[in-house]
Amino acid sequence: MIWNKLKLWFHMLGSAPYFYRFARAVAPWLWAGFAVTAVYATYLALYVVPGDYQQGDSMRILYIHVPVAWQAMFGYAVMTVLAIIALVWRIRLTEIMAMSCAPIGAALTLICLATGSIWGKPMWGTWWEWDARLTSMLVLLFIYIGIMGLYAAYDDKRKGARVAAILVLAGAVNLPIIHFSVEWWNTLHQGQTIRLMGESSMDPAMIPPLIWMVIATKLFFGAALLDRSRNELLEQDRSKKWVEMECTNQELNDVESTA
Amino acid sequence: MSAQPYRALFRRDLKLAMRRLGESLLPLFFLFTVIVLIPLGVGPGPSLLARMAPGMIWVAALLSSLLALEHLFRPDLEDGTLEQWFVGETTVLGRVWARLASHWLITGLPVIVFSPLAAEMLHLPHRALGVMILSLLIGTPALSLVGGLAAALTLSTRGASVLLSILIFPLIVPLVIFATGAVSMAADGMNPYAHLGLLGAFTILAMTLAPFGIAAALRMNLE
Amino acid sequence: MTLLLETEGLEFHRYGAPVFRPLGLRLETGRAIVLTGPNGVGKTTLLRLLAGILKPVSGTLVHHAAHAFVGHLPAVKGDLSCRENLEYEQRLGLPDLALAEALAEVGLAGLGSRPARALSAGQKRRLGMARLLVRRSGCWLLDEPYASLDDAGCRRVDELIARQLEQGGVILATHQRHPHIDPHRIEQIALEFGQEGGVQA
């Protein structure tokens, strides 16, 4: 019974107007959740957790760096699933959502690289090191940019999404190999691994802000994905009837509420 | 299902490459341009060049194969021969294999043949020469396969050549790491076979998956 | 009267909108289906779907015989001579006419060793038709076969179509001239722009 309802809901989500209304209703809650958890996690990270005995306070940036890195990779996994559905079942909304994942993932990767650089400066003395994780993230950034570039090069958005979906899959297969090969390359060329996290294991007191920040990044990704997909849908369908009706309805509502 | 149509395509590609020999050998000239420019850029010190040799040769091979990739499918798209691949009982996959095989023969094989010369110019230790040739032998087919995928994906886009380079770079990272790693190990007198094994695995993976992606991308871009 | 090709409920989308309403047709030996309609209505798209180049969004398409397609582009390699182009084509399937014969049939006799890029537009189109002759195929799919051809060329095309109908079938798209063959053998499907972006047949 519940299973049937779920299946029905999924089908309805595939229709543009329904998804639009769903996204518009849900996204603000996700943004709110993100704001609350992010603020709380930041508070914990800055004030509650003791500084690292080796790195002092500069270590605190890991509370942004690590969750963002994880989400950048997890976001790729989400994009891959959406891409597979788009290729096999040709559901238009999954095409739009898959392509919307890419810019968000790219932004997260950039934040990860920036925070990694900032973290590394006091430790290494330089703004960049060919550390295994940073190099992997750099390659991931290129993959994201490639997907965005390929999609943008097409006028027919449905065709562009499907072609880019093939690239997403190629990247998905390649990503574990890239991580492994970069890790391998790093250890062989530098002998001792220079890890951003250092040799010390994580003190249990350091974990809560990490968990909260991870939740925050997930909420961020969800909210951004819904909003971006909603916008893309609106732009692609701007000449369609349902958009006109949505806009006039909305105007009507706004007028009513201020009257 | 005989292999005759695919052999015919393979032979026709070679014949066409022969007719435009200058164009076909351009990547090779480019390779040597890079090999000559590097010592001019970093100085002729033999120990420095020797340390850079494995990476430099492979990067030069990669860059020169990028040149040839633009012509992999585009001319066929423009004169209508590409859409014929999908007409009739021949499989697209077979045609893709034939095309990739001829591409490798035209671009990869000359690089392998002339690599000892490049190695000598960059002072690669002689004991690493065999491994270098082996790495090129195993790795350049993967280059053709992954490059073919990037070329198929960007077939009908504007600004294709720039996009092609951006697409191909991340996908080729493991290839470069394993191949140059193998040659570096051999140059230092150590065992290169772990790297070569991983390189082989990468090539086999590319052989298994890339042709399907290429066929799908070609069809999509023909619409 | 064997069935050469049949399709049902064929649909294709471009830019998210359907090009025509679900289409079905059957081709049997001795019959010629002529697709007519204004420019841009979807004749080329339909032919490419039938040829197997485009994948339909939905519907079934079954080929019961070998088929060959001649589209807008002549599908010949400019650097190869006419003979070499036909030689390649012949290797793709079961051979039919000899190369020299095929060239003569389309009026390109004696031009066997000329590189294809040196041909005029009309001659290239004839070479494209010659591709059909060197290989045996039950079903011919022709997109605007009379374009760029003079009267003599058009008559030749009609002769070739008539000959093909003895053993197989032809589906061709045209927006001007119709094939001058036995009208009983012709079935016409007229595509028009319909409402809501679909095309009715």
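A, B and C are the chain letters, set down in written order, and residue numbers restart from 1 in every chain.
Quick note on the criterion: a residue touches a chain if its C-beta (ideal position, glycine included) is under 8 Å from a C-beta of that chain, and two chains touch if they have at least 3 such contacts.
Bear in mind that the values here come from a model prediction, so they are computed numbers and not experimental data.
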More contacts between chains, B-C or A-C: B-C
Identity of the chain that, by mean CA position, is farthest from subunit B: C
Subunit A-subunit B separation of Cα centroids, rounded to whole Å: 33
Subunit A and subunit C, separation of their C-alpha mean positions in angstrom: 49
Rounded Å distance, subunit B centre to subunit C centre (Cα mean): 37
For subunit B, residues contacting two or more additional chains: 223
Residues of subunit A touching at least two other chains: 156
Junction residues of subunit C - those touching two or more other chains: 14
Subunit B residues within the subunit A interface of the complex: 149, 153-154, 157-159, 163, 166-167, 169-171, 173-174, 177-178, 181, 198, 202, 205, 209-210, 213, 216-217, 220-221, 223
Interfacial residue positions of subunit B with respect to subunit C in the complex: 4-5, 7-9, 12, 15-16, 19-20, 78-81, 83-84, 86-90, 219, 222-223
For the subunit A and subunit C complex, residues of the former touching the latter: 90, 92, 155-158, 236
Subunit C residues touching subunit B - in the complex, by the definition given at the top: 14, 48, 51-55, 66-69, 71-80, 84, 88, 91-93, 137
Subunit A - residues contacting subunit B, complex: 139-140, 142-143, 145-146, 149-150, 153-154, 156, 159, 162-163, 166-167, 169-171, 173-174, 177-178, 180-182, 184-185, 188
